[in-house]
Amino acid sequence: MSLMEISNLYKSFGGLSAVLDFNFHMEQDELVGLIGPNGAGKTTVFNLITGVYKPDQGSIIFKGRDLVGLAPYTICAQGVARTFQNIRLFNDLTVLDNVKIAAHKDVPYGLMSAILRTPYFFKGEDQIEQQAMKYLEIFKLDKKKNELAKNLPYGEQRRLEIVRALATSPQLLILDEPAAGMNPQETQELMELIRLIRDKFNLTILLIEHDMSLVMGVCERLYVLDYGQIIAEGTPQEIRSNIRVIEAYLGEEVE
Amino acid sequence: MLELTQQIVNGLSLGAIYALIALGYTMVYGIIKLINFAHGDIMMVGAFVGYFSLTMLGTNILIAMLTAMAACAILGVLIEKIAYRPLRNSTRIAALITAIGVSLFLEYITIFILGPSQKVFPDSAFPIKAYDIAGLSILNKDLFVFVSAVVLMLILQYIIKWTKTGKAMRAVSLDQEAAVLMGISVDKTISITFAIGSALAAAAGVMVGVYYNTVNPLMGIIPGLKAFVAAVLGGIGIIPGAMVGGFVMGLLETMVSGYGNSLYRDAVAFGVLILILLIKPSGIFGKDTGEKV
Amino acid sequence: MQKNKLIKFSTEVIILAVLFSLVQYLITTGLLNQYYQINLTSMCINIILAVSLSLINGFTGQLSLGHAGFMAVGAYASVIVTNMWDYPFIAGLLAACAAAGLAGFIIGVPTLRLKGDYLAIATLAFGEIIRVTLQNIDYVNGPAGILGIAKLTTWPWLFGATVLTILVAVNLINSSYGRAIISIREDEIASELMGINTTKYKVLAFVIGAMFAGLAGAMYAHYFYIIKPETFNFLKSFDILVMVVLGGLGSTTGAIIAAISITALTAALQSFPAIRMILYALILIIVMIYRPQGLMGNKELSLKTFGRIWSGRK
Amino acid sequence: MLEVKEIDVYYGAIHALKKLSINVEQGSIVTLIGANGAGKTTTLKTISGLLRPRSGAIYFKGNEITKVPPEKIVGLGISQVPEGRRVFASMSVMENLEMGAYLRKKKSEINSDLENVFTRFPRLKERSRQMAGTLSGGEQQMLAIGRALMARPQLLLMDEPSMGLAPLLVKEIFEIIKDINSRGTTILLVEQNANMALSIADYAYVIETGEIVLQGNARELMHSEDVKNAYLGG
């Protein structure tokens, strides 16, 4: 059984179809890219999977359960985590708190313990902190744990978003343009990091990316979206030479 | 049946006042997405300007209304420039809190200068007469309020629909960036919106003076809130919505005082507000829009 | 680490004990006259109100303008229990918290779906509805209110209630639950997508805030002899809002400092109420324009800060 | 006519344009092509004054316009057809066109331009009283172009006019662009649809992550492998 199987997904906004009969599947441990020209509907697909939008039609089966209609936090609890195209960190909180918040669903003490400061509380807090630090170390952000998220340089903010998503202990990690705004060297590092966390945490990863060198370099399989529909699927090499893809990006050959 | 008709007649003039105030709320919200909490207090200032124009300058009621409108137009523009413009790019909460501040400021600076007591509108400014039409008793002040409010609303409709300025106002409220690309000055357009909205509130203030016969520094609060409810009821940001909402509120209120318990009169407005917010926050004429991620 | 915690804890206990005994001594010996005692009471009540509203407006980021309504519920509930049914004060206090918390829940569940200014207006409307409803209930004398309430609010009760409020607020905020609450303020959508049930935590903060507003109402009723619905109108809610905004949206110590300063300012300007309100208005406007995060922002003042100043290091 | 000199533009923390320079000769069609997120729209917004460069300068007909407010730039003769069309949805087609002529005073000239727009886009004339939001995507694009023309621009900036349109419509739009240019309006065209853009342009710039990586005669770039690589990774 596929880890995630999306069938006949439709979504329109005020009469404009954003996603149109979208079909898609992902296997355990795969690293898949979703690409396509501007306005093709990629982020809309992510918003549908994570419950930000409700689809007009279709199903999103994840680990055998349909995610359609579930609240975003429930979908997160099922094991789906994501980052955002325009970074959405908790800006006025520290790096460490950003990660701790994402670990909230595993909080090992009750509300009364927190208010009465019982030993459970202190033990639980230590546990959460250790867990958070572990992730921060992997992403080389541990030394910045007490800085406010908004004060991090741009590339580190992007990394912190990934850390935060990982801290929800997901099975499927969805990355929305993780390299946007990064320079080539940062992009290179990010590529290696994505491979590393995939292996280390047994993750399945789905990403949207504009930077073709990243997509082609890191993804095993690609889907190409145009006008809300999948127009091609295959390995990076296949995609690169696919006429429909070239047309979607560059337009039809003229003359 | 006759009594019901009588209640409707009474409700129409009150509704017209609410509609005028609601228009200002809705226009300002439409263009800068701010609930101008001080709008009811601008109405109060208008009422006082009208009062002093009648008593100290001895003008007639129409001149008093025009004076009040001019004065409040300037006041509205100043408030926007000083208090709201610096906050245009900050959070809506910050803007709302500032508006609350402006509201308190207008109320208490008026109390500070004029004292807290109410002032009686001079009878000579508007001698009350009652007409008997088909068994209904219609007061000339009701007629005056209704007719002048409708005239003002027609003028507003004309400005918004047909003049270049009105079209620019609509363009800015629809898409600020695209409007700039047409060469429209956003700052200037927002100023004009405040001027028009405040002038309408001032006219309503003078009408409230005629209607209730008194003015006081806190008189803007309750009608202001009710007019706000009217604006939300019609769909905030939508001009015809404010007019309809205003009349609905006025009728509802006279019905409740006429048939029910007048102590609950003010609660009705809040009850209506909560019902709309919970059932259809975008109001009767509004479209629901989701947040972008 | 463990030792540091112990030292911190004992320092706090000692400071509180000294503060309590000092004031108790001043009251018993009559050194603190009636005028100052009234102001001290107002100060404590305002601290409870500001800290509890700060939980909603400052930490959860949900602008509520109906706090006075919950204060009214608490005041009336406690007076019914003590004055009319003759139960002891503690029962009145518990009833106040329970009733206000319940009111918070009933109002919070439907309204907290709304955002920003819509929520602000809805809470303001609910606050006013509470007031109008009280005006129409004959059992509590309608607009005239209830007179001759026993003066049960003494310094130990007041001190206990204030410390309890601060303690609960601070402990809640500095826990996983508190972080979940703050994340809603920072970015509600991101919070929801990180697995936080935002509705649940908004309601939680709202209910806890309402409970303590109710407690403040009970303290108020049993000190000032009389309560009437008009006392708890939306201007009272604005009063509390001014404290929270001035202190800093997201700072408990800020709320406390602002509550103390505003109470002092109010006392000093007692004979010039209009000037007081003009000052409030200017504070709101100027703070929002020049320092929209409030004076303290989301920073907290702690013993450590004092320690640092004391020892002169940075 | 337009000279963009080494501008640096930041979007918050992102360095969106890095020392970007572009020249547009009077009477020509110049195109700026590149993949999503490369900085095409940012460039146009900076020229229109909606964004401010942190360094560098922009000259129009020899005068610096770097610090001129956006609503004044329109008056100098630069109009923009923004990305995603951005028509005023709940205003009529006619009102949208009137807004395009907002800064102009002479009624007779405006009316004759209006006639020209209607001749060029007969469908807009049929629908002149309809709300712009109810038009189809292609019609909205025509309206956006017509609206920009109502300002009688000397330089027309076009941001992805082909986006979201069916291939047949794309061809139609590009014919129109050629025609507008042949009547004397200089055009700076930003496009993702490289093949189409190169087929009508005189000169082209290829932008990648905020930098010009390639430029030259449009015909010559047309069959260059480098262009394809800039889009699909090399």
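Here are a few things to note about the model shown:
Letters A, B, C and D mark the chains in the order given here, with residues in each chain numbered from 1 onward.
Here, a contact is a pair of C-beta atoms (placed from the backbone, for glycine too) under 8 Å apart; a residue touches a chain by one contact, two chains touch by 3 or more.
What you see is a predicted model, and the numbers here were worked out from it, not measured in a lab.
Ranking every chain by how far its Cα centroid lies from the centroid of subunit D, the top place goes to C.
Looking at A-D alongside B-C, one finds more C-beta pairs in contact between the chains of B-C. Taking each chain's centre as the average of its CA atoms, subunit C and subunit D sit 56 Å apart. One simple way to say how far apart two chains are is to compare their mean CA positions; for subunit B and subunit C this gives 34 Å.
Averaged C-alpha coordinates give centres for subunit A and subunit B that are 48 Å from one another. Multi-chain contact residues of subunit B, defined as those touching 2 or more other chains: 293.
Counting only residues that touch two or more partner chains, subunit C has 189. Residue numbers of subunit D whose C-beta contacts span two or more other chains: none are found. Contact residues on subunit B toward subunit C in their complex (touch as defined above): 34-35, 83, 86-87, 90-98, 100-105, 107-109, 111-112, 116, 228, 232, 261, 263-264, 266-267, 270-271, 273-274, 277-278, 281, 291, 293.
Taken together, the subunit B residues at the contact with subunit D in this complex read 164, 167-168, 170-171, 174-175, 177-186. Contacts from subunit D toward subunit A in the complex involve residues 11, 13-16, 35-38, 84, 160, 162-164, 167, 170, 191-199, 209, 227-228, 231-234.
Those residues of subunit A that touch subunit C in the shared complex are 50-52, 71-73, 76-77, 81-82, 84, 88-93, 97, 100-105, 107, 109, 111, 114-117, 121, 124-125, 128, 164-165, 168. Note for the complex: subunit D touches subunit B at residues 48, 50, 70-72, 74-75, 79-80, 82, 86-91, 95, 98-100, 102-103, 147, 151.
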